[in-house]
Every structure is written in C-alpha cells, then in structure tokens.
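Below: a set of structures, written as structure tokens.
In the two complexes that follow, chain A is the common piece, with chain B as its partner first and chain C second.
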Partner chain A sequence: MQPRSKLEKFIWSLQQLMKIDAMNLVILVIVTLIGWSIISESIDNPGRYLPSPVAVALSSVDMLVKGLLPSYFSDTLVRLIVGSAIGLVAGIPFGLILGLNRTVADMFHPMLNFFQSVSGIAIFPIIVIWYGNSDTTVLIVIVYTSFFPIAFNVLSGVREIPLRYINAARTLGASRYQVTKDVLFPGAMPHIATGTRLSIGFAWRAVIAGEMLAGRQGLGWMIFTGQDSDKTTEIILGMVMIGFTWIILDHYLLRPLEESTIERWGLVQR
Partner chain B sequence: MGLSMNKLTPKLVVEGLCHHYPDEYTGESVHALEDINLELYEGELVSVVGPSGCGKSTLLNILAGLLPYKVGKASVDGELIQGPGPDRGVVFQEHAILPWRTVAKNIGHGLEIKKIPEVERIQRVQDFIDLVGLSGFEDKYPHELSGGMKQRCQVARTLCADPVVMLMDEPFAAVDAQTRITLQEELNRIAMATRKTILFITHAVDEAAFLGDRCVVFSARPGQLKEIVTIDIPREKRIWADMNNNDVFKTARDRILKSVREEVLVATEE
Partner chain C sequence: MKLLSQFSISLQRRFGRQRLRKTLLGSVPFLVLISIWHANTIFGWLPPVFVPTIGEVWDAIFFLQEDCPGFMPLIKLDNDCMMTTHVLSSLGRVILAAVVGLPAGIALGILAGMSRPISKFLEPVGVFANSISGIAWIPLAIVWFGVGWVTTLFIMLNTIFWLMFFNSMLGVRSIAKVYEDSVLTMGGSRWDVIRQVYLPGAMPSIITGMRMSMGFGWRALIAAEMIGGDSGLGFMIFTSAAEFKIEEVFLGVIIMALIFMATDRYLLVPLEKWTVERWGLVWKPA
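Let's turn to the complex of A and B:
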C-alpha cells in the first residue's frame, strides 16, 4: 500500500517500527525465559534459590486469586502518584521562583544539587525518628525524593534561558509576572519534562525502599517479607512487577512528554 | 525634503547622555558614551554608524531601558526613560523571537501583554504578517524559518505592539548578503507604509546611507556624535538597483565612509 497523506505516512512508519520493536522484544523475552529455566533446572533446590518462570507464573496466579497482588500493587502505585504529585507541584514553582533572580539562583543552586544527591534512603533513618514506621514516613521520603530533582532541573532550565528572550518580552512591556508566565515557564518546559521523568524515576525506587524499611504493605513489602517466609517466587514476582511498571510508565507517559516538548520547539535537531 | 517632519515635537530626545562603567578586569572607568545629544522627529529614520565598540549598542540599550544611566536625559514623547516600556520597540541583532510560540503568537505577544481582546488581536496580527510578507507561515515555529524570516517576524512583532519609536540593533548583520538587500528594501517600504520613527544601529555604511533620512556617525571610544549626514532621497526612490546612479546617495555614502574610516584608524591605533 502506498502511503498518501503525511499522517498516513507517519502511522505507517510507526507501525513498521512497532513491528521491529515488538519482534525484538519477543525474542529477548523468550531467550531470557529459556536461559532462566535452564539455570533453574540445573541447580539444587530451585524453589529456594531460583524458581523457574513457570513457578513464578503459578504463584502470581495464586496471589491474583487471593487478591493480594492487586492490593499490593495499587498500594504502591497510589503512594507513587500521591508522593510524586506533591513533589512536582511543590518543586516546579520552587525552582521557577528561585530562578527569577540570578543572585538567588546562584546561591541556591549548590544547595539543591546537595539535596539531590542525598538519596531518599539516606534520609530515611531521620524521618523514622521523627514519624516512626508509618505511611507518613514513606510519603515524606517519596515527596523528598521527587522534589529535589525537579526543583534543580527547573532552576537550571530558567538559568539557561537566553537573556535576549527575557529582554524581548520586557521591551514589549511585560511585567515580572508576564515574563515568568510567557518566557521563564515555557522556556524551562524541556527541563520540567526531563525533571519530571527523573523525579518519578527516583520516587519509584524510593517507594519500594520505603515500604521495605517502614514495613508498609505494597510491592516493596511483598518482596521483603518474601525473604522471611522463604517465598522466593514472590520476591521474583515483585521484582518483575517493579521493572515492568516502570517500563510502561516511562515508555507510554514520561518519554513521550519529554520528547514532544523538546522536539516541537526545535530545541533538538532530529 | 521627501518627508514632512514636525520639527517642533521630537519623538525621542537625548540630552547630554553619558555612560561610564568600570572595566570588568582592570576596574578602570570606561567611557562608553560621552555627552550624546540627539533628536528624532516623527516618521524619521535615523541610522547610527560607527566603529565596533564605539558605544552605539550601549546607546540603544539605554534607550530600550535595558541599561540604567546616570548622567544626562533620554525621553520619548516627553517621558523620561526609566526601564523598558512598550513605547519603545526593539529589534535585536540575534533573533529574539520565542521558540515555543508560533509566528502569529510571537507577533501578537505585545498585544497579549497589553491584554487586547483576541478578536482584535488576530486581525492586527494578520495585518502585520501581511506587511512583512510572512503570509502562510502563521503557524510555523521559529526553528522552521530562515534567518531572514526570523528577522521579519521580529520586525512585525515590534510594529504590532505599536511603539512610538522602533529601535533596531544591527538587525540584518547576521543574514546573508542577498537577503540583507531584500530586507533593507522591505524596511524602507515598511517605514514608508507605517511612518514609524526608527533608530537604526548598524556598522555597514551602505546600509546606513540607504536607509537613513539622517545618518549619525559615532567617534571611536569614548563614543561621541562626530557628525550627522542628511540623506535627502525620497523613500519611494530608495531602490538598490538605482542607487549606483544616485549622486545624493553616493555623496552621502562616501562622506560617511570617510568619516567612519578615520574613526576606525583611531580605534586600531589605541
């Protein structure tokens, strides 16, 4: 079939790409599963050390039937969404406001960089001292983890906006608020998109770790307690769920968001 | 005289303007501008030419309100210049149109800032798109435009905000020679059509003589007004193809060239 319109051509090339991508993915998964099965078959006591893919699949069916898996999964996902949403909603304006003044921005830049490097796990002990092993503790750690990468990125983004864009708006009569709304915010948009992706990525790791350390129900808790009760299948199932959730989130939500802002404005040549 | 000028009410007045600043490395006081006196009358295009570093861009930045000044006075329509304002539109050398706005959105930005209703805005934006010859490119983003088109877009944006004075800072310096000639002829046509008061900074003598009703020659640092050359050619007669046979143009150009050359020699001897 000859593609006609630009849109059809685009969809067609997308389909071609999907075919190749899907094919490669299927091959990779099959090879991994075979390799995994072989190793599992060749060791002693695979039930404890490395259960086969079939055993993991059976355990997931069992947990689905009991309703445990959906419950753990939704607990974890809700924590991620609430925590990172608070982090982003607070972090974006924070970075933007600091970016308004170059002196203030230069002052806070190293501080944000500092906190960005002190990971969520590293602040966990002190939050536990303050709030105990509670949902609040887990939430604070997630908010903390997602706040600094986005704030740092927005601040960097605002600082990198060429002065001539700001001056152009000012000579058109723009107020400080209008400069922020029309120049600084959209100008920092690619950084906001990148920062969002980073923030949610870090928050996802923090959720799992937080559930483990604070003992709150969820995927992290599931793999942690799996160790105590010798349920290796549940540990592996949890790991697989964590990985796949991130891939789906990243591939279908975060990366498209990042690419669309960057490409549409021609900030990156393709 | 090709233009009837209202000699009684100058639109832009500069009186005894000086600008001194400490050198970034040595700390010595640099005299960028020394006792500048200049008046621009309604509908007049004054070109400013001088060796690099003579302070002509400093003058423009002060008039734009982007650079504060302490000594002397500068006013538009009798109002003292204190910061940027929509009464003075600026066309920058490097394209300063916002990459995340379409051509139409960029051109209408000044009206948006003034909170002009959308219906009226769209009509006025279209008028200026047509004036600068960007019809058909309304919905394009800046990265999809050529260098010449970007500058046309900037000129349209500035004019659309309807400033009292349009300040142009070497706007055609970064485009290729062929495009430059076209843009110069177009600016001449636009000046004729809009009767805008324009201050045009350039380092190209031909351009200064072709566009200016008067041409101001700056001396080497400290930047002072060396002389003002009047170029009495009606706007409708200003076409590059005819300029080689135009004695008024040739005389003015040679005089400006000689004057600028003396200053370049002074500047290089230092």
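Let's turn to the complex of A and C:
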C-alpha cells in the first residue's frame, strides 16, 4: 500500500519502525533489567552502590507523587530551550553576516574556532565570579555553548559555497541582499542544520553540568544531590531520564530535521 | 621601501600567499580582543576582581610554579608545582583514556558490527549509552570510586569508548555486503575480511568518531575534574574561582583552549583529511 497524505506516511513509517525494532528492544530491555538485578543482588550494600531496578522504579513513583520529578524535568528543559534558542537566534545571523565578505570571514574564522574550543564548562568559573551561583550563570553558560558552535558552523558553511554560484547570481544582476537570500542562506543550510544539532548537544551537556556546579534545581542538580545525600536510586533515575530525554530530542527532532535539510538543500553540485 | 617589499615577497614565497593572508587576517580579532582587554585595565570599565590584567595572568604562571623545587618533582607531579602538575595530569588522563578507550571502542565496535543481527540488537545500547555518557555519570562515578583521578578517568573513558564503539559499529554496518562476499569467494579468511574490508571500510566513520570523542571527552573531563577530581586543569580553575583568583581562572581557560586547539588542528584534522583522501572514496554499489 502506498501511503498518500503526510499523516498516513508518518504512521506508516512509524509502523515500519515498530516492526523491526520493537522486538529487539523488548528483549534488550528485559536482558538489561535481569542483568542489573543480578549484579545488584550479588554486591554488598546495593542501596549505596547499585540499587535494583525495582528500587529505582519505586523511587520514581515516590518522586512523581511528590511532584518533584516533573518540576525538575521542566526546569531543565526550560533552561535548555531558552538558552539554546537565544544562542541559535543570535548565532545564525552572526555567522551569515560575517560570511558575507570573504576577508571578514577569513578574519573571524580562527577566533570563532578558538571560542568554540573553549567549552562552556570551562568558562563556568569565570561566570560564577561575575554573577554568582544564579540562574543567570547557568543561562549564560548555555547561551555561550550553543552560540559558538552554530556561528562557527554557519561561517564555515558560507565559506564553502563555491564562488561561481555567487558570481553567477551577481552576473544575473542580483543585489547583495538577493545573493544572501538565494545563494548564501540556502547554501549554508546543511551546515546550519548540523550546527544546530551540535549546538543543542553541547548545550544539553552544559545544562546538566551547570546545574550540578551552580546548584540550581533541575535534573543535573537532582543526580548531584543524590550523590551527596546517599540516594543512589535518584542518581540512576536521573541518568535514565537524561538519557531518554536526549534520545527523544535527538532522534525524533534534531536528526530528522538535519536529514531533511540536507536532503532538501544539501545536494548542491560542486 | 624596496627592502620592505623584498622582505614581504620573500615571506610570501616562504609561507605561501594564501596561508600568510589567512594567518595575518585571523590574528586581527585576537589582537583587537587583547587591546580591548588591555584598555579595560587602563580605563577600569570592569573592576580587576572581574577581569584581571594581562600582566597578572602572566604572573600567575610563575606564582603557581613558585614553590616548585626543581625538574624531577615537576615530572613526578609534585603538589608544589601547581601549574605543571595540573596541566600534565589533565593531559595524562586524556592520553591514557585515548590509548585505552579508542582501540577498545574500535575493536569491540568492529566485532559488534560484524554480525548484522547482533549490531542491530546493540544499536539501541549504543544510542542510549551515548545519550547519557559523560557528565551524567559523574555522581554515580563519585559514589563508586570516590573523588579522585579514577572518577575523572572513568568519565573520560566512558565518553570515548561509547562514541567509538557506536561509530565503528555503524561504519562496519554501512559497508556493502558485496565486498565481504567477494573476499570470501576469493578464498579469504575471516581475518582477511576484517583487515581488508571492515577496517578500511569503516575508517572514515572511525576517524570522525575519534574527532568527536576527543571533543566530547575533553569537555566531559573538564567538568569531571571540577566536580569529582582532585587535580587537573578543571580542578585548578574551579578551586581558583572559589578563592576569587580570577587571573588563575583566565590562565587555566586559555591553556585549555590552546591544548584543545593544538590537538584538534595538528593531530585530528590532518588525520581525518588523510583518511578521507586515502579511504573515503569507496565506491558504493546502489
């Protein structure tokens, strides 16, 4: 059966996905849980070192009832969304504008590379001295971590567009604005998509680390205080949630976005 | 004037016009940034508690090295040679994690990729492990190993290993079965298939994974040293920040960036380029 509408296509692909992976996944989860339980049973003091899956599940129910888990989760997610949105919205035009002129682009390329290599976590101590252990600190670190990878990637993308496309557009009488809109922006599109995914990936890790270091409530804070107060169940619960959140973000949002962008814009003949 | 132009021409011949232009242009923003930094100390826009002077940052190197009793303690990572001890212990962990983690990840990844059903089975494991790898392991690592170098090494190894495992597994899986079959048809052994088909075929993917794993691993290491370490650059800048020694923080951040850029530029990028040139253009049957 050939699917017709977009919705049908989506459901169809979902079904295909389920057919292949569901069985494997179920077996895998069961095997993991059994192995985990066996290890947990065989060591001394499992409550401290490796609580059994049942204990983790119980603690998750407990935290859900108390309403802690949803509040931590939403705190972390809001931080990630706000921070990376600011970083992306500022970073994409920044990279494009710098890329307009080859000289300027060559000028700023090493600098962006430098700041991209200084990870957000590394500048965290500086920001702490400036703003203290506050939400602002965490936000600045996230914005910083998401801004530079995207700006660097956009700039690289613009620089890699073959000159003849720009020249062709110019020859046909395009204005500077038209060149930007019709050549540079679409040409840099695959890089923008890759950079977005990279940016959000780095930002996600920065959120977790920032919450741990600055002591702001959220998933990172939850696993960090779990270590202080000997609640290993909370640590494992937090790790599982962090893992699942990122899988959902990456596999169902960012990767399809990247793939469709590359499919749509990426097949530029060199 | 003539001398000057001759000098510039000889420079251009020696280093290449394009490269010279790029280097000169690239240094402009850094110079501007440094002048703004210096202007800040002269005019005092931001107080010195927030932004140290360039001189202070430079002096911090010697201040940290002050108590160092000589060359041998420096090598032995004596606690009195703060600067070199922290830099070397970070570097040592990176190298150790790379030496252990990269081959282990590649080997197990290739083994997992060899059998398609198994690799399909293990793919979710890789996806999940990569999603929580690095920073999220820090609290559990502290519970298991306590604060110290084992924790930091564990975090770095964890990050590197899973990325390498996943990338080499996907790399092997993406090789067309035709190659494998043709080697087997011509009488090759299983080992021949690994050496002649899997390894070269997965190489581009492996190298990309290597670059990624060093990037993510280095970041995770810094965070791990801050939270659960007792030495290393991350530890150094975190403790300095707690004592409001901003010049040491700046120094640490600059050193970190320089180390990372140097490894990326002189080791990983050339490696990636070489591999893509050598192995990357594998013909893929439709």
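Here is the rule we use: the second predicted complex is superposed on the first by the 247 of 270 C-alpha atoms of A that agree within 3 Å, B and C clash if a C-alpha of one lies under 4 Å from a C-alpha of the other, contacts with A are read in each partner's own complex, and residues count from 1 in each chain.
By our rule, a residue touches a chain if its C-beta (ideal position, glycine included) is under 8 Å from a C-beta of that chain, and two chains touch if they have at least 3 such contacts.
Everything numeric in this text was worked out from a predicted model, so none of it was measured.
Placing chain B and chain C on a common chain A by superposition gives a fit, with no clash between them.
Of the two partner chains placed by superposition, A:Leu80 touches none, neither chain B nor chain C. Of the two partner chains placed by the overlay, only chain B lies in contact with A:Val183; chain C stays clear of it.
Ranking chain B and chain C by residues of chain A touched puts C first.
Of the two partner chains placed by superposition, only chain B is touched by A:Thr171; chain C is not. Of all C-alpha pairs linking chain B and chain C after the chain A fit, the shortest spans 8 Å.
Overlap of the chain B and chain C interfaces on chain A: none, as no residue is touched by both. Residues of chain C touching chain A in their complex: 21-22, 25-30, 33, 49-50, 120-121, 124-125, 127-128, 131-132, 134-140, 142-144, 216, 218-220, 222-223, 226-227, 234, 237-238, 240-241, 244, 246, 249-250, 252-253, 256-257, 260-261, 264. Looking at the complex, you find that chain A touches chain C at residues 20-21, 24-25, 27-28, 48-49, 103, 106-111, 113-114, 117-119, 121-126, 128-130, 202, 205, 208-209, 212-213, 220, 223-224, 226-227, 232, 235-236, 238-240, 242-244, 246-247, 250-251. Note for the complex: chain B touches chain A at residues 64-66, 84-86, 88-90, 92, 94, 96-101, 109-110, 112-114, 141-144, 157, 161. Interface residues of chain A facing chain B in the complex, by the touch rule stated above, are 162, 164-165, 167-175, 178, 182-183, 186-187, 189, 264-267.
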